[in-house]
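These notes are about the structure you will find just below.
Letters A, B, C, D and E mark the chains in the order given here, with residues in each chain numbered from 1 onward.
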Amino acid sequence: MKSLLMMLLLFPLLGGLYHALLGVRLDRRWSEIVAVAAVAGSLIMAVAAAVVAGGRPVIFPLLEWFSVGELAASMDAMYDPLAAVMAVLVTFIAALVHLFSVIYMRREGGYARYYCYLNLFVFFMLVIVTADNLLFLFLGWEGVGFCSYALIGFWYRDAYHADAARKAFLVTRIGSAALGIAIGLFFTAFQSLSMDYITHHAGMLSAGMVLAIGLLLLAAAAGKSALLPLSIWLPDAMAGPTPVSALIHAATMVTAGVYLLLRLYPVLVLSPVAMGVTAAVGAVTALYGACSALAQHDIKRVLAYSTVSQLGFMVLGIGAEDPTGGLFHLLSQAFFKALLFLAAGCIIQSLSGEHDIFRMGRKVRHALPKVYGCFLIGALSLAAVPPTIGFFSKDRLLLTNLTHPSIFHAVLWIIGTLTTLITALYVFRLFFLVFYGGPGPKRTQAPEPGPVRPILVWTLYPLAFLALAGGVMNLPIGSWNFLDRYLMPVAGLGPPLEASPSLEWGVRIGNAVVALIGIGLAYLAYGPRPLKEKPATAPDSMQNLLYSGFYLNKLYHRWVVRPYEQAAAFLSNRVDHGGVDAVMTGSGRLASRWSMNLRLWTTGRLSTYLGVLLAGFTAMLVILALGLL
Amino acid sequence: MTLYTGIFYLLGVITLTATAMAVTRRNLVHAALWLVVSFFGTSLLFYLLGAPFLAALEVIIFAGAIMILFLFIIMTLREEAAPRSFREVWRRWRLPSILGLISLVLIGFFILSAASSYHRLMPAMAAPIDFGRFLVTDYWLPVEIVSFLLFVALVGVLYLGRATDELEEEESLPSVEEEA
Amino acid sequence: MIVPFGHVLFLAGLLFLMGAVCAAARRNLIMILMGVEVMLNAAGLVFVGAALHWGTLDGQAFVIFIMGVAAAEAGVGLVLFYYLNRRTGDTDADSYHTLKG
Amino acid sequence: MRLLLTLILFLPLIGGIAVLFFRRHPDRCRWVSLGVTLADLILVLVVWFGTDPMPGAMDGRRLFVDLPWIPALGIRYFLLLDGISLVMILLTAFLMVLCILASWRSIADRAGIYYFALLATETAVMGVFLAGDLFLFYLFWELQLIPIFFLIGLWGHPDRVRAAVRFFIFSMAGGLLLLIAIIGLYLIHGAQTEVYGFARYQLMNTTLGPAVEWWLFGAFLLGFGVKIPIVPVHTWLPDAHTEAPTAGSVILAGLLLKTGAYGLLRFGFPLFPTAAARSVPILLTLGLVGLFYIAWIALTQQDIKRIVAYSSISHMGLVVVGLAVWNEIALSGAVIQMVNHGITTSALFILVGILEERGHSRQLGDYHGLWHRMPVFSGFFLFFAMAAVGLPGLNNFIGEILILMGTFQEWPAAGIIGFIGIVLTLIYFLRLVQNLLFGPVDERMPGDDITQREAAVLIPLALAVLWIGLHPGPLLDLLAPSVAHLADLVGGNGGAADYVASGAM
Amino acid sequence: MSDWLLSMLPHICLGMGGFLVFCAGGFLKKRPADLLFGMALGAAVLAGLAVFFFPQGAENPNKMLDIDAFGAYFYLLLAGITILTLLFARQYARHKGFSGDEFYGILLFAALSMFLTAGALHWLAFFLGVEFLSISFYILIALSTRKPGSSEAALKYFIMGSVAGAFLVFGIAVLYAATGSMVIAESLGPYADPAQQNLILLGFSLILVGIGFKLSLVPFHFWTPDVYQGAPAPVTAFLSTGAKLCVLAALVRFGAASAEWLWEFITPVLWIMAALTMAWGNIAALTQQRMKRLLAYSSMAHMGYLLMALLAIREAGPGPFLFYATVYGLMDLGAFGSAALLSSADPEAGDREDLKDYQGLGFSHPLIGGVLAISLLSLAGLPPTGGFFGKFVLFRAALQGDFEALAVIGILTAIVSIYVYLKVIVALYFSPQTGRIPVPEPPMLGRAAGIAVMVLIVWMGVFPSPLLEVIEGIVGGY
């Protein structure tokens, strides 16, 4: 078992190191083979480990890292069902994305760098997933952040990409700081950093501590999972290559925050306030992402905002005391969003790099029929149309909120349902614009879609299958809830609150209806025969608001970035140079001035010298006389 | 109050007056001459205080040799005393005189607060013979030293005098250096 | 009795200060040197008075050496003045101020 | 083995003097210097693997030499090697080899004197790390200034003289205050015990009145604080680091700053436990203010080397925090962080030096898109920059996390602020990386990538980064006994007395 | 030889040496400079050696001159300084055209006067020593008639010296009037009637003016930079070392001899003088651009430091004072001596004054530049030089004597002084050579002297124990 886990982690690590050290001299073919093999091997190990572990949590010390006094940071792996699910998910999607990348990136230079980061990313992600020690987790946490940074900025020559990368790194690092602080608090409270220990002894924490840690964990998750108010980096992160967006910014890394909340759920759940805040943040983020997605022009940005929205849903589920539901939605989102991104990648490649949905249209559908099919499945799943996996997972989250005793969650339920409607609307807006868009003002210069390599499309199939039929892993009917049961041994994770079957079915049908209404609205507005052609060139203020993601970037610029820079300039010019340093140099200058004055006394004239001599003698007498008196 | 006392104060007044005149004269020759008077007064005071040999030496060396030297140099330099305004004189004198006055008060305080200041001096006389014997028995070493000192001074004077001569030669014969 | 010892000292002190003030106030080199002579002379007076006061000859002996030193100083000094006067034509002490600062 | 300690200490100096005889042949100078530093490194490694903490000695000492030097003043030639010293001289010996290599070609004129200065610095710095006698420590402390002064002033950049003079004056100002305090302590101790001496363990036994202790501790703090540097007295550093030649910057950042922190660790705190314990809030504030303040200042700098230089201050600010907290974890972290900072900042300085050699400019605005032209260089740069911002798995993280975790144990608020400060560090480092490595490709940018010699300098550094980042166990084990002992020393106020009483000596 | 002759042997060596130099100079037609130099050197060496022949154990047969270890120590030191000065001066004197009997002879007489001053047990000897010293230096300073400023310097030294000498002699007179004794150890109040205190105080303060002038203590210091600048460099070297050390020796003697109450009264005065002198010397040097003036201010500052050590003489003993004085002598000699060696060969030109003219000499003339640099580092108190230990013992003494405030002032001014010395070092090593004034080929003897000074300074910085032990032996306890 231990060796399985070791290999699980080592494969991608060695793959990454292999590229890092030998990268430049490496043949592209070898590079690709190694990269894909590393991840595939990892996938096999993940599955094997899951099978061997058989649903029991197992903790293995892998390596000593460091330990001083009570602080022991050993690289311990915990392979419980939660970790197993995540590990399989991560390696599975990573394997597909690696495969996809082989074709997708075949014309790009810097392949060694690309695969190096991608492999390392998988490694770090697996570290997060399998870590028991919080610091080990932190290693992965920061590692994925760095890889994400490097991959977003993969096309570093364009300043826009580099800036997006920096933004992503910085904002997620704010979350990291929160996580670090939380780790510090854990350490002070438990003198231990083992999550296993912490989750089993969470009751020891005082109420204030629980609240603080809960909020900090939420902040950490907000950074990584792009929740409000730290969501701003994710849309910009789309500057990276599309497979990267699929893997990191849709399926895996962004879910790390959610995973963290799940892992430490037993702590989080102790604080009702923190739970409430979590749920609220989730709901608002979901709504925010969905609304913003409505007005985007860039296919990837639509998906990115959609990811923000879906992450909000997951957190909403956790906040509503249904962590398993959150995980379920995490899985389903991973499938359909990865699918959508990869499909979008096919489209973009076919259109030689075109991202603007207003420049796509019918021709795409004709050129890429298989992609069209896959995209449709993904869109349906995202829009939560039964019987896709998306339907089941989202339905469960909404139901949980409704059945929650607190009235507060009913409000959240309303927001959630509204978001479901908007979700269906924007995803089908996207769908119709991309595949059915007729000739418009911008479409005149639209590039001709070309064919894509079939391998690209093949990688979509498994995802499409899962997005469509993955729901069976946790059907809310009878004992079909495999996932729930599988996760039972994990601390804190259990089945959702029981609701009466009628309510259950009512909500279920209602949700399906809402989704279909949304699709209908989208059809009316953007379908093959829209009610009116939207003039995309003259956006009104509402559209601007949505397009810019509620001006969040501007707000940050105005209230955070600019004051920060101003403070920097002030400190640098006024305080450091004009204040602290001026004191130092000023004292030197003062000494010089004194020096000049003293030298003026040395007039070179004997009369001065003799006069001062006499004065000195007199002064001496005065001092002595004073001493006598 | 004895005769000696009277003589002492008389001599004191003479000496002080002469010194005061000497230090304030604009004309250097006058100053030197007043100083000679002051030295004579001191010489008599020496005599009064029991040092006849020193009184003689005072006249010979101070009033005689040194002041003659002064006069000689004054003559040689032919320094002309330019009349100066009172304001300028005051500007020069004010600080030293104030300091001098303060010092005087303090010195007076220090002197007069010491017990021995009220010890009355009785007339006595050191015979020159005794004095001479004392000098060469107890103080033969300083005598040797001062002879060296005077020797060095002599050498110095010679050297500087020669330098002055060279200076004058150079002035008269500006091309000497090149030839040398 | 002649006078209290203090009076001799005070007289000498007065003389000494006159010399000192002269040296500090006058600009003429020769006058400064005269001031020094006055000061030395005052010291001699103290020595002679003190010799009488203590009844020892050391004080009187000292005066001899003062005279020797005064003579040497006057000799060197006056020749120096003479030399400087020949170089620059000046006996004003304050006109020698090329070295300063 | 005891002779070994002396040999380690003076081998570089002897080598340096030997180099002076070859000064007409720069190449021979280089090889001799390289040989000497390598030999010294090997000796240090021999000590590492060949010694164990002495049984019975509580302070974890491994070797010591104690000979009378100036008996009239009670000054002894007392070298004491414990875990902390060993780690520090290891760093010294290691960086020195790299310094020699890093300046292999860039120093053409007066190579003999240059290498002499480098080697003399090595001896002086090692002396600081090894001295167990306060006076000996002070001697080396002052001694190290002179070669560095010449290194900056002779081989530095255009504004070198001003920078060198500033550096010297700041350091000396601190040093002289230190001297006064050292003498004061020595006299008080002597008056109390009738034994006039400077040995650390003796001086720790001094009873001080509160006011006197404050004054003395203040002087120590100021003396060491200038060197570390703690924030209000840091202004010499950016100039000195920026104007120094690469090796000079490496020595300054990698070693000299460490001597300040080391002094605080070794003498400042243990000698004045009460005052030190009371001044913790002040020190924490200063350290944290440094972290933030520098993050801001560095953001506005245009000179690459200056940014790296400022980052030193912020890293050392964290070390100060670690020292102030003074528990086992934070102290280990502080020592490790000193080593880390030595490695990463040195590497960054070397990289900037490499860049400057090729591009003849240090202005941030003059470079962009280097990744395309110099991929290996860029890879290294990114790697070390990431190490500097404390990416886990790389060295700085270990130090930072130890310090902060230690801080959390005692001062949670400070720990929280510290974590936030680390985020800010990222901002200016990303700016640096962004501007240098990314951006449009420009064929005018320097194009010749890292040479083999340069790689030989950078690869050991990179390995060290990874080694400490992933497997710091050996280092921490080395430190453990000494650090535990130190932590006990100040924790209880009677620690020092107990220590001596327990017969450790 | 009888004891009393032996007890004066060093003085006799110097005096007779000087006399013979004059004879040789006067009677030999061709003025053999090398012979004169050799004679002077021999006399100085013999004077140094003669110290070892002092009668041991017996009572001092000589009432005026010290033959104790303390005196012997200073005699040796002064003899060493004389020898080194001669070595430094040889080439300079030849270049500047005063390499005759007058220079070497008067130099020996000056050395004699220093011996007298340093070893004086009797006020008369002290007075004569000081005056002899002054007169010798009036002439030595004026010797280089072609050097600009030389005669002005002589004039200033003369006027100030004679006025200060008058203060000194008046002070001695007052002391004598107060105590009736002219033996230094008796006259400073230990046996005096308490009623005479004020008179003794007055006398001592007058003497302090004279000593203050000699040691250039503020406010009696003004002549120092002017005279140091104007005098020929080797003479400056001698003036700043020998002429100060001998007075310092006397001052220690006064300090040790003076009664407890006298010392208590005088302490504030000395305190203020020390503080002012340290501050003035170091601060005024800060913006000084002329080398010898700069060194003059620096030497002033060191007098301030020494005064600080003197203040603590009761608590710390004279050991620190002796040590620092020794080191000071060496380092100042090194600084001025190398300035002499670097001066141009042109008889009309002045010394190398402007700091700009020192630029780059550290590399073009590594040895002499090195001597100068080491001396400056030592003056700055940096390891590995004697100045480093000197500063340590100095401040140790100050703190031992509870002069904390003075020590802090000392440290603060020392910080200022660092800049001063760095300025010169920067010129020597960091600046391009200007080459305005060519440097003459350094002579063998000068180089030897330079190396000797350098080695001694470094030796004292690395292994000061022997010297400390010697001093310990002299003054008992350290």
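We adopt the following convention: a residue touches a chain if its C-beta (ideal position, glycine included) is under 8 Å from a C-beta of that chain, and two chains touch if they have at least 3 such contacts.
As the structure is a prediction and not an experimental result, all values here were calculated from the model.
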| task | Based on which chains touch which, give the shortest step count from subunit C to subunit D. | result | 2
| query | So which chains count as neighbours of both subunit C and subunit E? | reply | A, B
| said: Can you tell me which chain lies farthest from subunit C, using the average of the Cα atoms as each chain's centre? | reply: A
| What chain is most central when centres are computed from CA atoms? | D
| said: Per the definition of touch at the top, where is the C-beta contact count highest among chain pairs? | reply: B-C
| query | Compared with subunit E, which chain's mean CA position is the farthest off? | reply | A
| Whole-Å distance, subunit B centre to subunit C centre, using C-alpha means? | 5
| query | Hey, how far is the Cα centre of subunit B from the one of subunit E, in Å? | reply | 30
| query | What whole-number Å value describes the gap between the mean CA coordinates of subunit D and subunit E? | reply | 42
| Measuring from the mean C-alpha position of subunit A to the mean C-alpha position of subunit E, what distance in angstrom results? | 78
| field | Touching two or more other chains - residues of subunit E | value | 124, 128, 131, 135, 138-139, 142, 155-156, 159, 163, 167, 177, 198-199, 201-202, 225-226, 288, 419
| remark: The positions of subunit B in contact with two or more other chains are 92, 95-96, 99-100, 103, 107, 109-111, 114, 116-117, 138-139, 142, 146, 149, 152-153, 156, 160, 163, 167
| subunit A: positions in contact with at least two other chains | 588, 599, 602, 604, 606-607, 610-611, 613-615, 617, 621, 624
| Which two-chain combinations touch? | A-B, A-C, A-D, A-E, B-C, B-E, C-E, D-E
| note | Given the complex, residues on subunit A that touch subunit C span 599, 602-607, 610-611, 613-614, 617
| field | Contact footprint of subunit B on subunit A as seen in their complex | value | 607, 610-611, 614-615, 617-618, 621-622, 624-625
| note | subunit C contacts subunit E in the complex at 5, 9, 12, 16, 19-20, 23, 29, 32-33, 35-36, 39-40, 42-44, 46-47, 49-50, 53-54, 56, 58-59, 61-62, 65-66, 69, 72-73, 76-77, 80-81, 83-84, 87, 93, 96, 98-101
| Touching residues (chain side subunit E, partner subunit D) in the complex | 363, 377, 380-384, 388-389, 391-393, 395-396, 399-400, 404, 407-408, 411, 414-415, 418-419, 422, 426, 429-431, 463-465, 468-469, 472, 478
| said: Looking at the complex, which residues from subunit E come into contact with subunit C? | reply: 123-124, 127-128, 131, 134-135, 138-139, 142, 148-149, 151-156, 158-159, 162-163, 165-167, 169-170, 172-174, 176-177, 180-182, 199, 225-227, 229-230, 288, 290, 293
